[in-house]
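In what follows, subunit A forms one complex with subunit B and a second complex with subunit C.
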Partner chain A sequence: MSSPLFGKFRSPDGKPHMLGAMQTLDVPMHRYADGEEVDYAIVGTGAGGGVLAQRLARAGFRVVTFDAGPFWDTERDWVSDEKGSHQLYWTNRRVTGGSHPLALGENNSGQGVGGSTVHWASFTPRLHPSDFHIHSLDGVGVDWPLDYADVRPYYELMELELPVSGPAYFPWGDPHGYPYGAHPMGGVGDALIRGCTALGIPVSAGGPVGILEGSRADRPHCIYRGFCIQGCKVGAKASTLITHVPDAIANGAEIRANCMVSRVALGSNRRVNGVFYFGPDGRELFQKAKAVVIAGYSIETPRLLLNSACDGFENGLANSSDTVGRYLMAQAGNVVLGRFDQPVRMYKAPPAHALTEEFYETDPKRDFARGFAIQTVGPLPISFAKQMMSAKGAWGWGLRRLLMDYNHWASFGLLGEILPHAENRVQLADEKDQFGLPVAKVTFNLGDNDKKLIDFGKNKVMEVMHAAGAEEVVQEARYAHLVGAARMGNDPQTSVVDRFGRTHDIANLFICDGSIMPTQGSANPGLTVMSLAARIADYLIIQGNAIFASDKRDMQTSPIRYDLSPPDTWGHGMPRPVNHLVS
Partner chain B sequence: MTDTTARDADLRPVDPATGKPLGPMETPGYYPRYHTLDQQKFWDAKTREVILDRVNNVPPIRFFTPEQARLLEAVCARVLPQDDRDDAHKIPIVPQIDKRLYEDKGDGYRYEDMPPDREAFILGLQAIEQMAQERFGRGFLDLRTRAQEELLKALHDAEPWGAHDIWERMPVHRFFMLLVKDCAENYYAHPYAWDEIGFGGPAYPRAYMRLERGQPEPWEVHERRYEWEPPNASLSGEYESVAGQEEQYGSPGQGGTH
Partner chain C sequence: MATPEADGVPTAEEETPPSPGTSAERDLQAVDLDIREGRFQRWLALVAGLSSILSGGEVAYEHYKGSYSRRIMYTPVILSEILMVCGVGGFFSPRIARTLLPAVSAITLLDGTVGFYFHVRGVQRKPGGWRLPIVNIVMGPPLFAPLLFGISAYLGLIASFLRRNENGTAEGGILPLPAHARHWGKALGGKHEPIDPAQDVREGRFQRQMAAAAAVAAFLSGAEAWYSHYKNGFRYKVQYTPLVVAPMLMIAGAAAVKSVRVAHTWLPAISALAMLNGGVGFGYHARGVLRKPGGAKKLLYNITYGPPIFAPLLFAASGFLGVLASLLRRKPE
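Up next, the complex of A and B:
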């Protein structure tokens, strides 16, 4: 290993590379030489790829992780400004259609190191135990090849690693508490607590959210400026850019930013041997790897597999089941807005700071399966203007007048479970992107259960807004959080990967992001994606060279590793025993 | 031709008590003497650079022809009217739309039934011009405000009276939403608009501290409301849901908020 060490993170002006207001990245980064084979090529640095790369690097594997966007310096690159933050989103071409077409862009994938965790609002609830078995319990969707118990220790670990702030006791699903205290309420949280309390609905104040309410190590606490989804310059909001990627680099991983992976290469014996990618200068290059992990979000992951079609996999790599791209899901994310007589100023405080999961589970008294959460959202002026356009049809002087009342409005989000449908899918369109690669075409339709759930949920959220004292309540249809499109399962005929993220078709090709989720519950998916990534990492680590040398599938679950967390995970926050840790 | 003086007076909002037009003024809205730009020394350097560039450097027109740009100016003047603002405090919209299209920057997706944004704007302007000629026998630029608004309201209501060949290629409600979205994205990105609506603006590294009860920060101001009505002739003060939105799961909104 005689490769040069360079790439010390310095700005051209000699200032340190900043990851938040205080945290710097001042370790040199290993660079693998051209032509050098690595153990793992990982595509994506977000919730899945970031956590996986960190753990594999700590365990001593040789890792290169690709991101299509830049390696952000939060001081140099990010702004406290809505319009100026467009660069954080995946804005390359895509086509969207179906009976209920999804708005993409700022609403899902990120582009740049940290992926979508850079612009998530960082609500970090867990799935409920029931989410893993909705077909057995409710006769809808599909069961996971995992139980809640498989993921629970990883939830606990990720809640420490991010860490997550929230109440000392969270009553829904598997009741639990959070390692950092709850946040204070902003105007929108006030309204949600008021409305829920008036109706006798239990509500969680101040989390769970992956935003520091007290400082930890070099990460300052939240300053309540409300620009969470524009990228947290403070460094209070967790993103893999600041939580896991620095530790990956410190342990020898190379992060290759501004590199767009175009194709996974199939070698001999139905095994992959690397990835083709477009480097920062636009040249197509090849990285040789003993195994490949795709972690590109639910649109780019299936797109990459479909674009990697080759002899033996004419319909897309690892797609013998014709399931790649299918069962794409988004949660119902209707935004309900209420106007209050007294000012609210909803731009202050993180958009994510209070929620209720009281309606999460299937209720036999309702005419649909599964349920929804109600959460705070805090749109900044441009988002609010767009919501008023679609909720009220406002334009012209009417729009000007409504926006003059911006400070009087509060907004809540429905977060409802939409079931997996085979026809909701990612395919390749005829048109090409700037690299000449076919772009993704996304098709989305609601089913009957979905429509009933949205109807009921939207009305319930409006009822809460009224109960909070709003004099006028309106809503707009919206969808959030794409998952699925490369789902995991036990049956190779109906799923793409097994319960360790390994593709059924190719023994050294893995998927490690939200794409593998068979269903989505009504919890924001980020924490689940990270927890699954840590679990997949433990499996890969214990399998060791067997992944590189053998097609044999060991389906034994490995014990959780508590020694792979980034520095400062332990010994901070509230003394909360982690379930499997007490010894 | 229309009498321009009378026309300008008609365009301003009205004080309902006196019936007199309001403005033009430096800052419409309910937050007197509130200027986010006064706080710029408390912003981080990059944010200050981006926002001052937006305020001080209006991009040149490079995508649209001069004729198209003039037509779009007239359209945007009704879609997001600024007649209550004095000339020094009008917020440039068309140059920013032009910049976006010149650089071919989009939101990251195109509806299956829509052409790419560049083509959508060109087609939409053609359709507006055709509809003006068809009903009024004049170009959109030469119409009185009321007629211009009638035409735009027909797009809003998804009931265009002409240019059907174009609306067959591009759903009218999607074009109208695109148009309003681009106007709103640029208007409400400007510090002058933040002053109007009482938005605190950038707050890093200083922070917000008064989170509760809608209290202003020490450097923000309390709201002072006044009554106003849209100009007498205007059709955009009242509105109904945009066509295509009646079904509650219809076209989704686009604000990324959770």
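Up next, the complex of A and C:
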């Protein structure tokens, strides 16, 4: 029987470019000719670059977006395997140092279209209103040039576009609900709920996480197979690869994959006029552009600016303040592991599915400013082995025995705010990468407040783990999420960009990624990066040709545009208070 | 397996005069007579309204689990609330019972059918579609749930045909047939009013239809119980019981269509058993919700992801249909 009675299985090795199990990339991509000038050259396709490119393309701008890695076909390129997914990470050479050196790669930077969003766990909490004013409130860090109210409508919009699944009522920060329903719990989430409720700590079950809880159009719902951070082949987990990039292409944007941008070119009148990049064949090429947006995240963005040093900007492009590369932040990401009598099977369900932000805000009873969140994490066996080595010094036969016990362990993650320090920075090292470009040298130290916060936080997480019924509790010190290193602010002396991502030094050079965040809160930065990108896009669109023609800075905040979302944003999901959305 | 219900049903006579006895017995007999003669519009409207709360609650959290990812998923939630209002309204007002209640019930039944189509499609859309029927029925949208959702609408529709029991006598019969009932009667093949099917319902002579409805409802909810309990791997032995009771009720319902004897003996007995089973199941499901991590402290979340708390009561509803059928009269042969 050539055609089975109830239809054929969909063949994964058919011709279409697959983005998840059901979504295909059907539209041919527009290609700009060599030497053709475009409106925007965007460097990076992750949370910042992907959203920005989609919106600019939809508004009718001519956009070319570069990514150093490949354009993933999820069925062909990805495997549901911990070791087989190393290609998703930015594993080019980098130098790390300082008193608490960061591990770089799988945990904090991505390569390929979609950037880090293809391997994020997709936890998508918002920042709290207090996060925007920690200097005024707590005397630490720095205030944002924005208010929570500026970003809130963009948070709401992004929560629809991804969309975000989570409880109908999320009590912390600015209380809100989520458009998609909460996920069912895995073993780790059950443990977190048990531990928190035993201690009387409120806990959010089933989100907020950018993973579909019910299917939406051609994206199927989550099937709880647990390979979120190895690249979701199902297409249930949101990443700009499947949420925003297809719409950017449909609206005429060109995505140039496997193209490593080497420097931004400065033209006359202190304005940039394009980017140099290494094409897929390794030749250096030039793309002429009326404006350039860098969205390379907290290490590659400052590296590109520093590598673009030229006459007039000897310390690096847009670095007259000497702030480029400074105030790099990572979040304290200690992992606390507990052994349970009953099997937990933490490989099941997304790593991200429950959290508490009860300790998020500054508490005067504690001897440090700011706070932390407690989240579920579900390491697969290789990560688990690393954590066991680090947490228990396990090795050899002892490590093997522990690994055989994997099913009985649960793990919670601390997510603690580390304050911005000028000496935590990205610089250029003497070493060069495969393109002959100087690599980034990352220096990271903890301050006093950070150490106290981590100490208190990790003890609290261990307490919750004990309350959940764990018989043995261990922990590994670790850091997660990068932000900062090209921060925004009102003062050109102490910041790199203004509140619309425009560099203070160069009127047609923008930065649109996590590196512009002045502080980080205890929330995973992805949703905030996307929201800032959408906000920057609205600004660029309303400014129109003024960006290309003049150096004048209009600091008027433009109204949010609700007509630039990808298809299928509207008409799905839970009824929710849309008072901010309709006003 | 005779039960008190079966014993309490008068068998042959068309009219039973109020017999002497205690006042409670007299009340029971009066109620029985009302049902036999189709004078229970008020109560059936109320039952339709209240059962609509259950099916509405069930569909609300089930569709919440599906994140309302299609706009049409709101319709049963909204309709069940309207039906609830109409059912309760029908208890108080004959006008509502004869106009709004049947209209909303008909729309709800239609909605259930449309929902059934979407659920079939949902199973088909899963990887493998209907080529992997067991996996995809178990893991896909609950196939028969939209039809089960129609039970309360069916009750509402039936109620709209009935007479009211004001003053406990045949006075209810003075009101003319409602307009929609006349149309339905014609559509169903009746030639003139006194003998058309709508008039039969009006006078309580629809035991066969109700018994058939009980059998269908037992099939639907039994299938629901099968694939839902299968999902849990029949972890508890008691999870098999609805799978035993449902076929019994199906057979009894079908047999009652043929046999008046079965309608007055086995049908009420097995129906009562189904109601008991549903009640016990509700207890187990409630316990399951409370035993989830966080228990009552995460009540709403645990109701969403615990065992479907109202589902056993929908199973009991098919038993209710059977009990109701046993109390009705049959159309004269």
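Heads up, the rule we're going with is that the second predicted complex is superposed on the first by the 565 of 583 C-alpha atoms of A that agree within 3 Å, B and C clash if a C-alpha of one lies under 4 Å from a C-alpha of the other, contacts with A are read in each partner's own complex, and residues count from 1 in each chain.
By definition in this document, a residue touches a chain if its C-beta (ideal position, glycine included) is under 8 Å from a C-beta of that chain, and two chains touch if they have at least 3 such contacts.
What you see is a predicted model, and the numbers here were worked out from it, not measured in a lab.
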Combined model on subunit A: subunit C and subunit B, fit or clash: fit
Superposed model, subunit A: greater residue contact from subunit B or subunit C: B
Which of subunit B and subunit C A:Lys83 touches, first, second, both or neither: first
Which superposed partner A:Glu300 touches (first subunit B, second subunit C, both, neither): neither
Contacts of A:Glu361 with subunit B and subunit C, given as first, second, both or neither: neither
Contacts of A:Leu399 with subunit B and subunit C, given as first, second, both or neither: first
Subunit B versus subunit C as contact partner of A:Ala21, first or second or both or neither: both
Touching partner for A:Met185 - first (subunit B), second (subunit C), both, neither: both
For subunit A as apex, the angle formed with subunit B and subunit C - C-alpha centres, to the nearest 10 degrees: 90
First (subunit B), second (subunit C), both or neither touched by A:Glu161: neither
Touched partner set for A:Asp131, first subunit B, second subunit C, both or neither: neither
Contacts of A:Lys386 with subunit B and subunit C, given as first, second, both or neither: first
Smallest distance from any CA atom of subunit C to any CA atom of subunit B, in Å, after fitting: 8
On subunit A, the residue positions that both subunit B and subunit C contact, one per complex: 21, 184-185, 190
Complex contacts: residues of subunit B adjacent to subunit A: 13, 28-30, 43-47, 50-51, 54, 78-81, 105-113, 149, 152, 156, 176-177, 180-181, 184-189, 193-194, 196-216, 223, 228, 230-231, 234-242, 245, 248-258
Subunit A - residues contacting subunit C, complex: 4-7, 9-10, 21, 165, 167-168, 179-182, 184-185, 189-191, 193-194, 196-197, 203, 205-206, 212-216, 221, 571-575
In the complex, subunit C residues that touch subunit A: 64-71, 74, 124-125, 127-131, 292-295, 297-298, 300-301, 304-305
Contact footprint of subunit B on subunit A as seen in their complex: 21, 75-84, 86, 89-98, 100-107, 119, 121, 123, 184-187, 190, 223-227, 229, 233-234, 333-335, 342-345, 347-349, 351-352, 375, 377-387, 389-401, 403-404, 406-408, 411, 413, 415, 441-442, 446, 451, 454-455, 458, 475-480, 524
